[in-house]
Amino acid sequence: MPVPQPESPARQLRCCGASGCRSAGGDALLAALRTACDADATEGLTIKPVGCLRLCGRGPLVACDGPEGTRLYGAVPPERAADLLAAAREQGAEAGGARAALESHRLDLEHPFFRLQRPVVLETCGQVDPESIDDALAHGAYGQLRRVLAELTPKQVRDEVRRSGLRGRGGAGYPTGLKWDTVALQPPGPRTVVCNADEGDPGAFMDRSVLESDPHRLIEGMAIAAYAVGADRGYVYVRAEYPLAIERLRLALQQARRKGVLGRGIFGSDFSLTIEVRVGAGAYVCGEETALLLSIQGQRGMPRPRPPYPAQSGLWGAPTLINNVETFSAVPAILREGGDWYAAMGTEGSRGTKVFALSGAVRHTGLVEVPMGMPLRTVVEEMGGGVPDGSAVKAVQTGGPSGGCIPEERLDTPVDYESLLQLGSMMGSGGMVVMGETTSMPVVARHFMRFSVNESCGKCVPCRAGTVQLAELLDRFVEHRAEAADLERLEELCGMVRATSLCGLGQAAPNPVLSTLRWFRHEYEAALREPSHCEPPDTCTVGPDGETRGYAP
Amino acid sequence: MSVVTLRVNGQEVAVPAGASLLEAARAAGVELPTLCHLEGLTPVGACRLCLVAPEAGGRLLPACATEAAEGMAIRTDTEELQRYRRMAVELFFAEGNHVCAFCVANGDCELQDVAVAVGMDHSRFPYRYPHRHVDASHPQFALDHHRCILCTRCVRVCDEIEGAHVWDVAMRGSQCTIIAGLDEPWGDVEACTSCGKCVDVCPTGALFRKEDTTAEKHPHAERAELLRRAREQHQWSNQ
Amino acid sequence: MTVTPASAATTTATATATTAAPASLAQVVRRHGARADALIEVLHQVQELHGYLPPEALREVATLMRLPLSRVYGVASFYHLFRLEPPTAHRCAVCLGTACFVRGGAQLARRLESRLGVELDDPAGNGTWAVQHVSCLGACGQAPVVVVDGVLVTKLPVDQPEELEERLDAAGLPRPATA
Amino acid sequence: MTRTVLIDPVTRIEGHAKITLHLDEGGHLVDARFHVVEYRGFEKFCEGRPFTEMAGITARICGICPVSHLLAAAKTGDKLLAVAIPPAAARLRRLLNLAQLTQSHALSFFHLSSPDFLLGWESDPAKRNVFGLMAADPDLARAGIRLRQFGQQVLELLGGRKIHSAWAVPGGVRTPLSAEAKAWILDRLPEARATVRLALDLYKRLLDGPLQREQRVFGDFPSLFLGLVGEGGRWEHIDGTIRVRASDGTIVADGLSEDDYHTFLGEAVEPWSYLKFPYYRPLGYPDGMYRVGPLARLNVCDAIGTPWADAELADLRARSGQVATSSFAYHHARLVEIVACLEAIEELVNDPELMTGRVRSRASLNRNEAVGVSEAPRGTLFHHYRVDDDGLIQKVNLIIATGQNNLAMNRTVAQIAREYITEPVGPDATIPEPLLNRVEAGIRCFDPCLSCSTHAAGQMPLRLELRAADGSLVAERCRG
């Protein structure tokens, strides 16, 4: 793995301090470890808070490094702190005993979940202390920015990115190099770079992990992008639901400014850049780029028609480059290893690696970064270990509320932009939610539709009123009071909302319905009202799943 | 002035650079239905009625908010577009409480006209009968939220022409509502100059003069453009 | 040894500026130079000051920032994390993201409703407690999750009622008074 | 440009009529109930609406007497504005109501009721309608249709449309009468007069002949009568004050103002009907039963004030006394009122004040509560609104004619049933067609304001049920 490793201390305990593990008791464990460590004053053993160690479902995670290799422990209660310390020490009877005692917490690093990963974006995630720029620098952070500023022209940078074949990781998969060129080639004037960290798709937490685990990588990627397109101002728009990510990002920016990595004349060049954090306030639609820009400008996040694209006219009318966290974070590695190196991974149309957040009815939940084109089945069944009770996977939902459900029989499909689109789903930002056999597809479709109802900005009528009608139609299916005509109406309205909505939210809102209709149509047909069952629609309120009311307005 | 040429329904038209597809369509003698759009106000592309289909394929474009480009070819009236327009009008009717029979704008209502134009006489989607209210706190005017289609013409005319910015949109999604001030009674908002432009440009009976009763509203939507031209170009044509 | 202070517990509350909390609304606005684009940031901080966004505060923000009142209210009401009503003393958020949903988030929400005697997303709740839904907390690996007064509670055993109730007890959620 | 009215949830408030006859243990008829299952949600619906809209809204409540609601609403609106309407407007409103009374009475008599009289009670129900009448007496049928058209045409000349116009507004009316319209009216009046003369002659012949039993059993009982009277106790339909007269001719109350209606009218509610049961409060419920409508207006007034109408009124009183107590006399009263209307129309159209000056007084809201009254074709109509300071409706109470006649209609049905059913009624009893038909006709005397009663060319969708003492259904018969 081409990761520059700093002079590794002989022995260290890396404790995951990302929100997943924290909520599972990571803080208490870290405190216990420190207390125990201070008490017996172990020499040569470092306790290091780091970012995400991937297998979030088994948190809190602790990696135990030593010359004999790394052992990973999961779900460690604070009472086991002393054992961990002992196990981290050199070989010996005591260490042996402690290791034996911890055996039930040990996680197999040779398991496909870890073995099949190909970290690029996450290469130092879990290695580096997210709150220390010195540690980041020791892991090579800002090395590429320094080199780029000294050695490459903006055009050379863009060429390298274009050569890598990197496509936007936010969901739509627009070629990154092309976007950078578009911004760079606008008439002279100010430009802005914006990082979209408004990761709102339910089931997606890749960007949060990067922000919490390795914020300097993102800053470096943004700085390189700013240089490449001629911007001197940058914004990171983070959703407010990620307080830890915001805190660490702000700290990292402060440290970067202090170190002169941001500011005027960076690394002695004449390139200057300021980056500000803008915090959202709970609006999924702000992940849409035009809405995001308005939100940065302190307004309601209501998308506007494109063209003109933000690359032509964005923040305050100036050309604006918008990429998401993962896209920017892939940039330093691409410049370090070269675009060709990156392009060698993945498939013809989808180069490189992609980070996925694996969750739902799956044994191993957490973050995986794999080369594009890996079959979905490998991700879900081999890496994820399938459904916990051993039953069959029914479907995998990708792309969040804009995506769709891919049925079990199509799990051999390679994960890339085009294949997922062909199946009626989409890559989206990388959430992958596994569904077991008990999951009802009309219920899932309604779940997403209610989400869209809730998150629609209300500007255009197909999305504002169409999603409400779609949710109501889906209610009829879930509650077994639909008629055959409702199925027709459902499909027709889905088509209309998809074709006529103003922005991606509305355009994609019907996708969960259309994809479940495509693969699980029989479930909708089975939900049609029995002919004998013809009381007035309003009297039937309780559905077979007992779920009668939702959270939609 | 540079000119772009494009094709509308197969017919070649030339329009000044910077013109919208809506203007191009009009130059070709094609009238597209519109509700949110109004000459003189910034286009928002919200009502989706003026969507047109590029012959080259790709997403439908709101004609009001899309600049005409050289060599472009668009269709304005495909069977699909007609179907979508009809459904959009159905959705408008189903989401509010539009009772033409005693509406102040009956007979002079753009929503009604559009419904007639697209051939919509009832909504196939259930009427939602939302609970809304009427704000009649202003001494001269009133706002009936039941009839509001959220076109935001009032918001824009007040902001862009009058400069008072009394109105804005609050909440989101199906909860969206036009508000005055801090969601206060209109009559309590001191910023209002009582100029009545919002009433003039409202396409439905949502904003009206209080003395008007059923079918007595006769709006003057053209005022936005006339005023803008007067202000920006010092040309007056509304003598 | 790298040591950092343990940062604030995971919350769904709005993120705060790294600088010390300002004492007054005027200070908040001044800090942002009354720039119109800082409105959302200002509202976050006003909410921190008051616990919600009272109308008088919104009026003051508008005056100080020279923004139309309706614009300020429009923005405040657009974003779901801004509260326009005083919050209840205790709050609970249930995640209905996809992963939580697949693992019983909706049942969990119903359980909370009946346990606390509230309606989901009714900001008034039962007077003391209110339960709202959130779309995704990004804690999908620990699904299903709830946040009780800012503390994330994870992996709730929805299919084991007794254990679930105990976990909810431990999280500080009151049981209904027995009739 | 004519426009299509697109969406109209308000019109969906019609219902079918249902009548139940209740027996005691011994099989004797004890009660009859006329159920109105028509939803009266519009009073609720009006809440929160601007009062200026009430004319338009209430005109949509009922497809039969929109003009009456329009006038009552406009009059209530005048009071909320606290304006005096211009003299021309007052005359134009009168003209409107006269035309409305004419067309409505013509419809009731020619289209709905005369087939029973002329074709016979036992004739084929499928042909016992205006089409059957057309076949049997084409001249009369055509004349009747044209008389109704005359009234409708005047409405259209004034209001712009036959029905559902909102021409009368708080403060007056919207537009004056054109000279062409005036000429048209004057031109058509003679034909209208001829038609009503024809009808009166024919009807009086029938009264003296085959309709004697009906006069006796179709709701002949003592009750109070209520209606507006003008100056000097003259017949009135839009202005004036309220008078209540008993069957014996005594004037029970006079000079009452609609503003105080709650002091003399009570409204009872029965669980089996959406229709309220107004009663004359001093006598209590149900003893305060009173009748409104054409017969009541003639019964309460001292004179009509125009020569031919006064002559006809004298003839009516010669047949049934100072106060006619049989509900069957409503038919006769309608014809007399048409005469009164035609004469009044002629007077008004020739009144120079009709064509002069302004027709609308402008003002903003000056009061928060008002009651307006007008005489609808089927009786006195009260509108009562309370509005907030912005003019939005807080509360509406409407007292409609059919409601006021409710108690009398039940009495009428019971009387008819007793006449045509053999008591005691056994458990296997059936409802014969003639009974259904007579009951229907009994109801029709009142020309009740149910949307359904004009549908299907005179065929009222009706269900008649016979119920035993324990409430169980003995027999039923449906039509429509």
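So that you can tell them apart, the chains are marked A, B, C and D in the order they are listed, and the count of residues begins at 1 in each.
The criterion applied here is as follows: a contact is a pair of C-beta atoms (placed from the backbone, for glycine too) under 8 Å apart; a residue touches a chain by one contact, two chains touch by 3 or more.
In this text, all values refer to a predicted model and were calculated from it rather than measured experimentally.
**Student:** When chain B is left out of the picture, which chains can still reach each other by chains of touches?
**Tutor:** Ignoring chain B, the remaining chains break into A, C | D.
**Student:** Just how far, in Å, is the C-alpha centre of chain D from the one of chain B?
**Tutor:** For chain B versus chain D, the centre distance works out to 44 Å.
**Student:** Please report how many Å separate the Cα centroid of chain A from that of chain B, as a whole number.
**Tutor:** Averaging C-alpha atoms per chain gives centres 39 Å apart.
**Student:** Counting in whole Å, what is the centre-to-centre distance of chain C and chain D, each centre being its mean C-alpha position?
**Tutor:** 61
**Student:** How many angstrom between the C-alpha centroids of chain C and chain A?
**Tutor:** 22
**Student:** Which chain D residues touch at least two other chains?
**Tutor:** Correct list: empty.
**Student:** Identify all positions of chain C at which a residue touches two or more other chains, and write them in rising order.
**Tutor:** Correct list: 71, 74, 78.
**Student:** Chain A: which residues touch two or more other chains?
**Tutor:** 283, 300, 302, 454-455, 457
**Student:** Once you've mapped the touching chain pairs, tell me: line, ring, star, complete or other?
**Tutor:** Contact map by chain: other.
**Student:** Determine which chains touch and list them pairwise.
**Tutor:** Touching chain pairs, listed by label, come out as A-B, A-C, B-C, B-D.
**Student:** What residues of chain B sit close enough to touch chain A in their complex?
**Tutor:** 44-48, 51, 59-62, 65-67, 80, 83-84, 87-88, 91-92, 94-95, 124-126, 128, 149-150, 169, 171-176
**Student:** Looking at the complex, which residues from chain D come into contact with chain B?
**Tutor:** Spelled out, the residues of chain D in touch with chain B are 1, 3-11, 48-50, 52-53, 55-57, 59-60, 164, 166, 169-170, 174, 362, 364, 390-392.
**Student:** Please name which positions on chain B make contact with chain C in the complex.
**Tutor:** These residues of chain B touch chain C: 159, 165-172, 179-184, 189, 191.
**Student:** Mind listing the chain B positions that touch chain D in their complex?
**Tutor:** Interface residues on chain B, with respect to chain D: 93, 98-104, 106-107, 112, 115-116, 120-123, 127, 129, 133-137, 139, 142, 144, 187, 210-216.
**Student:** Which part of chain A faces chain C closely enough to touch in the complex?
**Tutor:** Of all residues in chain A, those touching chain C are 19-20, 22-24, 27, 30-31, 34, 37, 46-49, 55-57, 59, 129, 131-132, 135, 199-205, 208, 238, 240-244, 246-247, 250-251, 254, 278-284, 295-302, 357, 359-361, 365-366, 397, 400, 431, 433-436, 439, 444, 447-448, 451, 454-455, 457, 547, 549-551.
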